[in-house]
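The following pair of complexes shares a single chain, chain A, combined with chain B in the former and chain C in the latter.
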Partner chain A sequence: MKKFLFILTLVLVLSGLFTATTVFAQDGITDDEVNAIAKQLYCPVCENTPLDVCPTEACRQWRELIRLQISQGMTEAEIKQYFVDNYGARVLAEPPRTGLNWLVYILPPLFILAGAFILFRSFREWTKPQIVEAGSSGESDAGEASSPSDTDDYIARFEEEVKKRK
Partner chain B sequence: MIAEFGFGILVVSLIVTVYSGIAAVYGVLNKSAGLVESARRAQLLTFPLLTLSSIVLIYLLTNNRFEVSFVYEVTSRSMPTYLQVTAWWGGQAGSLLFWSWLLAVFTSAVTLRKWDRDIEFLPWVIVVSAITLAFFLGMIVFFENPFTRFWLVDGNVVPSMFAPSATATVFTPQDGQGLNPLLRHPGMIIHPPMLYLGFVAYVVPFAFAIAALITGRTDDRWTRITRRWSLWAWLFLTLGLVLGGRWAYDVLGWGGYWGWDPVEIAAFMPWLTGTALLHSTMIQEKRGMLKHWNMILVILTYALVVFGTFLTRSGVLSSVHSFANSPIGPFFMGFVTLTLVSSIALLIKRWPELQSENEMKSMLSREALFLLNNLLFMSILVICFWGVIYPLISELFTGQKVTVGPPYYERATGPLFAGLLFLMAVAPLSAWGHSTLQTLGRAIWKSTLAAAVVTIFLTITYTQNIYALVGFFLVALVLFTTGHEFWRGASARQKSQGENFFAALTRLMGRNRRRYGGYIIHISMALMAIGILGIEIFQKETQGTLAEGESLNIANYTVTYRELASWNSPGEGVNYTRSVVDIYENGVYLGQLAPRIDYYYDAEQNMTIPGQRSTFRDDLYILLVDWQPVSSIGATFKIYVNPLVNWLWIGSIVFLFGIIFAAWPEKDPAEVSVRRKSARDNRQASAAD
Partner chain C sequence: MTETTTPKRSVALWVQITIWAFLAGLLVLVGVILGKRQQGTVQPGDAIPDFSLPLFSGYEYEGQSSVKLSDLQGKIVVLNFWASWCKPCEQEAAELEEAWRFYEPSGEVIFLGADYVDTEPEARSYLKKFSITFPNGPDMGTKISQMFRIRGVPETYFIDQNGVLYYVKVGPFASVDEIKNIVAQKLP
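Up next is the complex of A and B:
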């Protein structure tokens, strides 16, 4: 029954579209206008291919469908909704912001915040016993130290280093 | 016969590999140097064995032995010999063999090194590489055998290694399907090997890290031994990514180089952890800190490498079903999980022994900024990983298939990449141990001023887009601060040595290869960023169907359709449709371009070859989308103008130079680092070598 209803709707929609073709002229619609919408949609059959660049015959027909829909005066949002209704949410470049899909948008920032928090706390912990060896930064590695704190100091140390290596 | 021979060698390789792993464990537990040596030799034996097996496969590929199903899938009679050879990695089974062969090459090279100072690592390095190799060989032998043949059983063609029944005869198809035409491109010939070289080379640092954890030798020796390995791995991985981008740009026909496809991201994720590792091991070597973190990074990189190998070839992430139906899917995930869990367990066991030798003293010190860099890389990793995995989760729990596409990644990673650029400008100016806002400010104010001037200039002459301007400011800041570092070092040396500036610069760089190589790489990244900003923010496109003589306008360009010809090339099995267009800029004639569509009969597939005109300022990129075959009066073109994208490729060449400069063999790195640590005491010793 469900299948029958689906086919019936499909036939109605398609016949509606084709009769519409004869009524409305599509000439005014440029490829750029079609692509502007197709770009935001993903090919319902190929993996991860935007509809505007997908080379398959099916996609070409879908682009013509978009052209037709524009010529019928459908808005961008309506056309996108049409594709979502017929082919599922996967035709959108991003999951719609509903239900479980919120995880897509919430989890990474949470993770990053947690990372930043851990890092910040570790910094706080590390920097506490600051009094110890305050002047030891110089000992770290003369060859690699690039402290620009004092250019003259840097050059002096550099010269010393060069002499050593000669 | 020959196919059985190839398969037989694979089985022997698997047995030898398993033996080497077991012998190494047994040898080390029973303190038997003889057994460990035997394990080492078994490990070395895998290299000639797998080489032989690969030669057999290449022989089959180049001799049109279509009774072998892998040969049938990836070659055809019309393919030139060099493509038949490279078809080795053109399909799942062959590329797994290629992977294993590379691993055998690397582990052999490692086992041949001088072990005298690190002999305790040896058995465990063998064990880790043997487990990895055995896993891949097991996948090949049991699931993805490149030597499987077609058999005719009661009129049905059945793929099987050996005769499925007594009456079965070998079935040989007339011709093969041929390699996917998209893969018959020079970029695609080098791109997979580069990526795989990068992937496989990361097994070595991982093996040493695990060896260090098991033996409890938790100083920075493992990072010092594997530093050059990591560098080469990183080089190949980066090159693989860049070449993949170039290939996409030249062949895929969507005017871009990167589409945030799960397969691309799978290769990008180990690069993220690898790059973070490259920076944070420096902290361990200089300051004896972050030992835990480096372990985590190297373990993650290894896991992502295996994960990436699996993703790039199997396509299982497209849906839950293809994952469940793929015979190797669950095994791969099982292996990744197992190695991850056992490595982390090992790390936890050694946790207390990996304490830092130094304290973090300032939030602006070099090590603190490196940590921030690591945070940014890990954040990008999380975004990528989640984006790749989420569609599966959604399908699993709600039954709804979703796409996580470029808008998600671009919005989420954009600010993080900007942060990385900023750190690239600032971190080289901060000192190890201690820096203050004042010292940093004093070091950076001139460069900031110069970058600001450049940005103001660009605002007036080029763009008012705020994102672009922020990006260009950061790029300029990186270029100025890094350039300033070169200048400062060289002029200091010039003064002290009385050398001329260029002599001073080259000697200075030659003495600090790693540091200045790193700076060159920073410059290359900034140049690449120019290209990425250009194409991401300023790309323009238009499409239209033209009759001969008609034109399309885009930006300052006019493209006029001249003619179109379509012909067959039976020798190659290709139909070419080549259009010719005239291009003008502001009315001035620039020349002709010839976008075409090649149709491959064997693979029944089109390939769109763009006409490109590339300058430092922008690329004009024209695609032939469609044409009317009968009258050839109308042809549809899609035209992109991709500003600045050339800088991406220029940056990659600079990158190549920088990393080879940094990784160029000098004296034993351990020797040099020891010398640097106590330059005074060791002066004579180092002068001698």
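Up next is the complex of A and C:
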């Protein structure tokens, strides 16, 4: 009997806790819902810190404002627009595609493409075979690297060596 | 004997010029932006461009819901940037209000409060807490604070009767007399 009462109490307590949590999740606005929007915003006071993780009082007030706006039925786009209207476009994590902001979107891919093109050209030139016929010493790449007299000496020694072996 | 090395294809001159011009333009742009950031606040002697400050209900100026700097020609303007989350702002709130009450009857000086990066409920609580009565409103889009290139709050800008900035106070005022002394510099 004692065991039965214990289990009954445990079930009641657990079900009560579960119900309370469910009610809170339905009626209140969770931190996750707030942070889903907050992480797309930056407070101008704390540069480079997204609103969802910013510890300052100003950011806490902003998160509470987002919570209030969600509870009033405002959409994500409406909330973000409210913040832009009140605090300027610089609060957005992703700058709007207007004016000079376009550079942020255009330049990185442009530089990557330019870099890829330069690499491609360089690799092609490095791997292209350069045919140099015998006797063209002094004009070849090798000849350019060393002086003509060095090359002549080398050839003379080479021919001498061949003669010796014969 | 023939040599068959491939001739090097060079990039067309106009392409090279375009690329270099583009890179130079980009460098200039970055330089200008960095230069502006390093400039600091507007300096005494600078003529302040016109701006319009919307005002909180209950904190209007002569019944108007917004105030333009150009409408205040002939008066000394004390423009104070503050925020409800700013603790140093609380240190000077009472002094500013006291100074405002001192000058209000003469009509020669106008105090304006620009609420920086704040939420209205908290801003209103702050104004009520310190019994502030002078015109106050939000710096919408942080346009005015960007124009003054403020570095934080509180900061106070004293603009003379001709719309020229003549004093900048960074940080809180220590006393009412400090405010009065600065205002007195331009009073007839």
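The working rule: the second predicted complex is superposed on the first by the 102 of 166 C-alpha atoms of A that agree within 3 Å, B and C clash if a C-alpha of one lies under 4 Å from a C-alpha of the other, contacts with A are read in each partner's own complex, and residues count from 1 in each chain.
Everything below uses one rule, namely that a contact is a pair of C-beta atoms (placed from the backbone, for glycine too) under 8 Å apart; a residue touches a chain by one contact, two chains touch by 3 or more.
Just so you know, these numbers come straight off a predicted model, no measurement behind them.
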| item | value |
| --- | --- |
| Winner by number of chain A residues touched, once chain B and chain C are compared | B |
| Which of chain B and chain C A:57 touches, first, second, both or neither | second |
| First, second, both or neither for A:45, with chain B first and chain C second | second |
| Which of chain B and chain C A:65 touches, first, second, both or neither | second |
| Contacts of A:85 with chain B and chain C, given as first, second, both or neither | second |
| Chain B versus chain C as contact partner of A:32, first or second or both or neither | first |
| Touched partner set for A:106, first chain B, second chain C, both or neither | neither |
| Residues of chain A at both interfaces, chain B in one complex, chain C in the other | 88, 90, 100, 107, 130, 132, 134, 136, 140-141 |
| Chain B-touching residues of chain A, taken from the complex the two chains share | 30-32, 35, 42, 47-48, 50, 53, 55, 60, 88-96, 99-101, 103-104, 107-108, 111-112, 115-116, 119, 122-123, 126-127, 129-130, 132, 134, 136-137, 140-149, 151, 154-155, 158-159, 161-165 |
| Contacting residues of chain B [partner chain A, same complex] | 253-255, 259, 261-262, 286-287, 315, 318, 359-363, 365, 368, 371-372, 375, 378-379, 382-383, 386-387, 390-391, 393-394, 397-398, 400-408, 412, 428-429, 431-436, 439-440, 442-443, 485, 488-489, 492-493, 495-497, 511-512, 515, 541-545, 606, 608, 626, 636, 638, 676-677, 679-680, 683 |
| Interfacial residue positions of chain C with respect to chain A in the complex | 1-6, 8, 26, 29, 83-85, 117-119, 122, 138, 140-143, 146 |
| Chain A to chain C touching residues, read off their complex | 43-45, 56-58, 61-62, 64-65, 84-88, 90, 100, 107, 125, 128, 130-136, 139-141 |
